[in-house]
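Reviewing the structure listed below.
By letter and in written order, the chains are A, B, C and D; residue numbering begins at 1 in each of them.
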Amino acid sequence: MDKGRLEAFSDGVFAVAITILALNLSVAGPGHGPLLHQLAHHWPQFAAYVVSFFTIGIIWVNHHALFMRIALVDRRLLFLNLFLLMVVVLLPFATSTLATYLTTGGRDSHVAAAFYSLVDLAMALAFSAIFRWTLGEGRLVRAVPPELTTRATIRFTIGTLAYVVAFGVSFVSAPAALAITGVVAVYYMFEQAPPLPAAFEDGGALAAGSEATGPE
Amino acid sequence: MDKGRLEAFSDGVFAVAITILALNLSVAGPGHGPLLHQLAHHWPQFAAYVVSFFTIGIIWVNHHALFMRIALVDRRLLFLNLFLLMVVVLLPFATSTLATYLTTGGRDSHVAAAFYSLVDLAMALAFSAIFRWTLGEGRLVRAVPPELTTRATIRFTIGTLAYVVAFGVSFVSAPAALAITGVVAVYYMFEQAPPLPAAFEDGGALAAGSEATGPE
Amino acid sequence: MDKGRLEAFSDGVFAVAITILALNLSVAGPGHGPLLHQLAHHWPQFAAYVVSFFTIGIIWVNHHALFMRIALVDRRLLFLNLFLLMVVVLLPFATSTLATYLTTGGRDSHVAAAFYSLVDLAMALAFSAIFRWTLGEGRLVRAVPPELTTRATIRFTIGTLAYVVAFGVSFVSAPAALAITGVVAVYYMFEQAPPLPAAFEDGGALAAGSEATGPE
Amino acid sequence: MDKGRLEAFSDGVFAVAITILALNLSVAGPGHGPLLHQLAHHWPQFAAYVVSFFTIGIIWVNHHALFMRIALVDRRLLFLNLFLLMVVVLLPFATSTLATYLTTGGRDSHVAAAFYSLVDLAMALAFSAIFRWTLGEGRLVRAVPPELTTRATIRFTIGTLAYVVAFGVSFVSAPAALAITGVVAVYYMFEQAPPLPAAFEDGGALAAGSEATGPE
């Protein structure tokens, strides 16, 4: 129940943050050229919207899979979770900034992409911190075999490294940095941990080991 | 519980998206003519608000009826659901754009209505994809008789076709396209599957078959 | 569970609508006079915020008390509830409009107050429609004694009539109409149905009879 | 269940309010100088965002810990909670105002910081009122030993006094007042009531006594 309310609050924040992404979408209205051109001209807004929507969505999916296995909630977990949420709530602003500068080129577009990548990276690190917290004695409903923990850690690292690469690429090309973030989202969406789907269907505790490997 | 959190997150997104629709309502304030004229002049905003509110509302009702019957949640369902939510969150923007251009006439009003209809259509298709997912072996709490599945599929198709018609009509008249969307909402609101209400009251599993026939 | 999700969705909409009220609060920023004057000049925004916050808050309290007693959810209840939510979501816009015109005087302030009162009235009528739905055979967890139903109906009527009065007063004085709405909120906040508090504490089914008498 | 819905609604309001904080973050866009300078120039927005995010977050953590122990919900608690939420929802506006004036110096910055501190103080007092309500006979699941009540009261008072100090300091330096609010958040984040963590882990009823000592 304790945990239930933590999840409910987190779900609320994820839900509002993911919906607020769409507030960045706008057209200037009559007198600013044909609507079709306005919509076409705003493709960076739409591209950034889709990438960020799935980035937050996947973090939510992984949050869900990880918390499903957590047995107790302590004050440290509450604040690690709060830190994760603080970063998630920054993402709509980072998305809006990136969309605005995506096609301006030059140094500003690099700064916008670097800022966006840093927020993604902070989100991945915050999620990793929660994952590491779960490795403590007695914090999970059921112990996770060491090899699953290792695999989950490897996947975390892949996601985190991809965001580091996106950060570096930002200084070359903002659209390329956004594309890398999109690839990370697609990777985690299609990534299926082979041996575990059955276990997931019968309760989820084991399969969650493969789930907890998100965009971070 | 698993499913519970998926529903809670979805409910959150539906609730925020449906409420954000009202952010499109505004008056320019003192110095822009009599308030009564401003309000009257904004009738497209109000009309679009009402139609979109019930369109999202009905999708929520059907989402609720469909998920009530789902027995297991797998990764594919999570992402089909995420895709549905991504489209739902686009609707306030599409609504705002349509309201802005509804009475300007000409090509821009057609583009705005076509864009709005496409978002509705994408929502219907995303919901249909979730419905088709439920037809897989062992995914529902209780098997649904084939004739109910057929009827639900027919109703889905009616809704989806109506949005296709609205898309076509967009290029003739934007208000007519909005009106068709409104008719779809009214149709699903009053549509009562005759033999099932009793079953719905005693638990809902069967009646849900007739419920899962929404605006899609 | 069925009912649980209806309540969760409704709670989400109430929560977003009540929070969005605060988006109407703003100051123009540096260069627009001393901040203290700006804040003081915006007293209509704050007054309208407080009144609308408690108006939505009390509707939520009564919604909660009424749904606690509901045994079954049918399609009609779903749509009556959707209609109530559609009106609730209009309230932030009506509040913002009233706050903007509250002190301009003249016909515009009367129109703004009349519009605000009409939204309150529509909310009361939508809530009454849900209450009347609960009077149907077998819709409540436990039958309510006729005298309680009569008392609840009387209280509904008082609230509804007060909003009708506020509507009429709008054409004389906008601040007076807002004040009446505030008095309705205070009345329902302090109104204590004498014989029932104990029952409320032991489960709520009976006391809810006296609870379901809100701002409507 | 009663209590569950009160918590769900409160969680919704907390979640929306905490997310809306990020709507204050913005950059003016191309043509307003280098993006890096714009971001750097907006440090007051980021600083105020972080402080307010954790201030709301901690109030939520404490709300959660306090309500976990509450056995019954009466009308008075509903309205005390509504009053707390009304203040919480004001915080994004107070934060935005403070961020706007933080570095302008002079009287306006003092007024903005004083307003912000007053909202924090009102939040602390509203939370204290709920805490005092819990001290009434039979309102908690399990009685709390008097010494724990005393300690919780002392901690409440420390937080409340800190906000009073922040209010006073506002008239000297706005950034200093914001810093004090930040220190209060950090204090409650790291503050660990020594003898109780274990009890918290085994169910929370006792430990909650030490939890309910938040930023108020």
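Here, contacts are C-beta pairs under 8 Å (C-beta built on N, C-alpha and C of every residue); 3 or more make two chains touch, one makes a residue touch a chain.
Keep in mind it's a predicted model, so treat the numbers as computed, not measured.
Between chain B and chain C, the superposing rotation on Cα atoms measures out at 90°, rounded to the nearest 5.
Under half of the residue numbers found at the chain C and chain D interface occur in both copies, marking it as a different-residue contact.
Each chain gets a centre from the mean of its Cα atoms; for chain C and chain D, those two points are 27 Å apart.
Computed from the mean C-alpha positions, the centre of chain A lies at a distance of 37 Å from the centre of chain C. Counting partner chains per residue, chain C has residues 8, 12, 15-16, 20, 23 touching two or more of them. Considering their complex, residues 1-2, 5-6, 8-9, 12-13, 15-17, 20, 23, 72, 74-75, 78-79, 82, 85-86, 89-90, 92-93, 96-97, 100-101, 104, 107-108, 111-112, 115 of chain A touch chain D. Put simply, chain D touches chain A in their complex at residues 7-8, 11-12, 14-16, 18-23, 25-27, 29-30, 34-36, 39, 50, 53-54, 57, 60-61, 64, 68, 189, 192, 197, 200-201, 204, 211.
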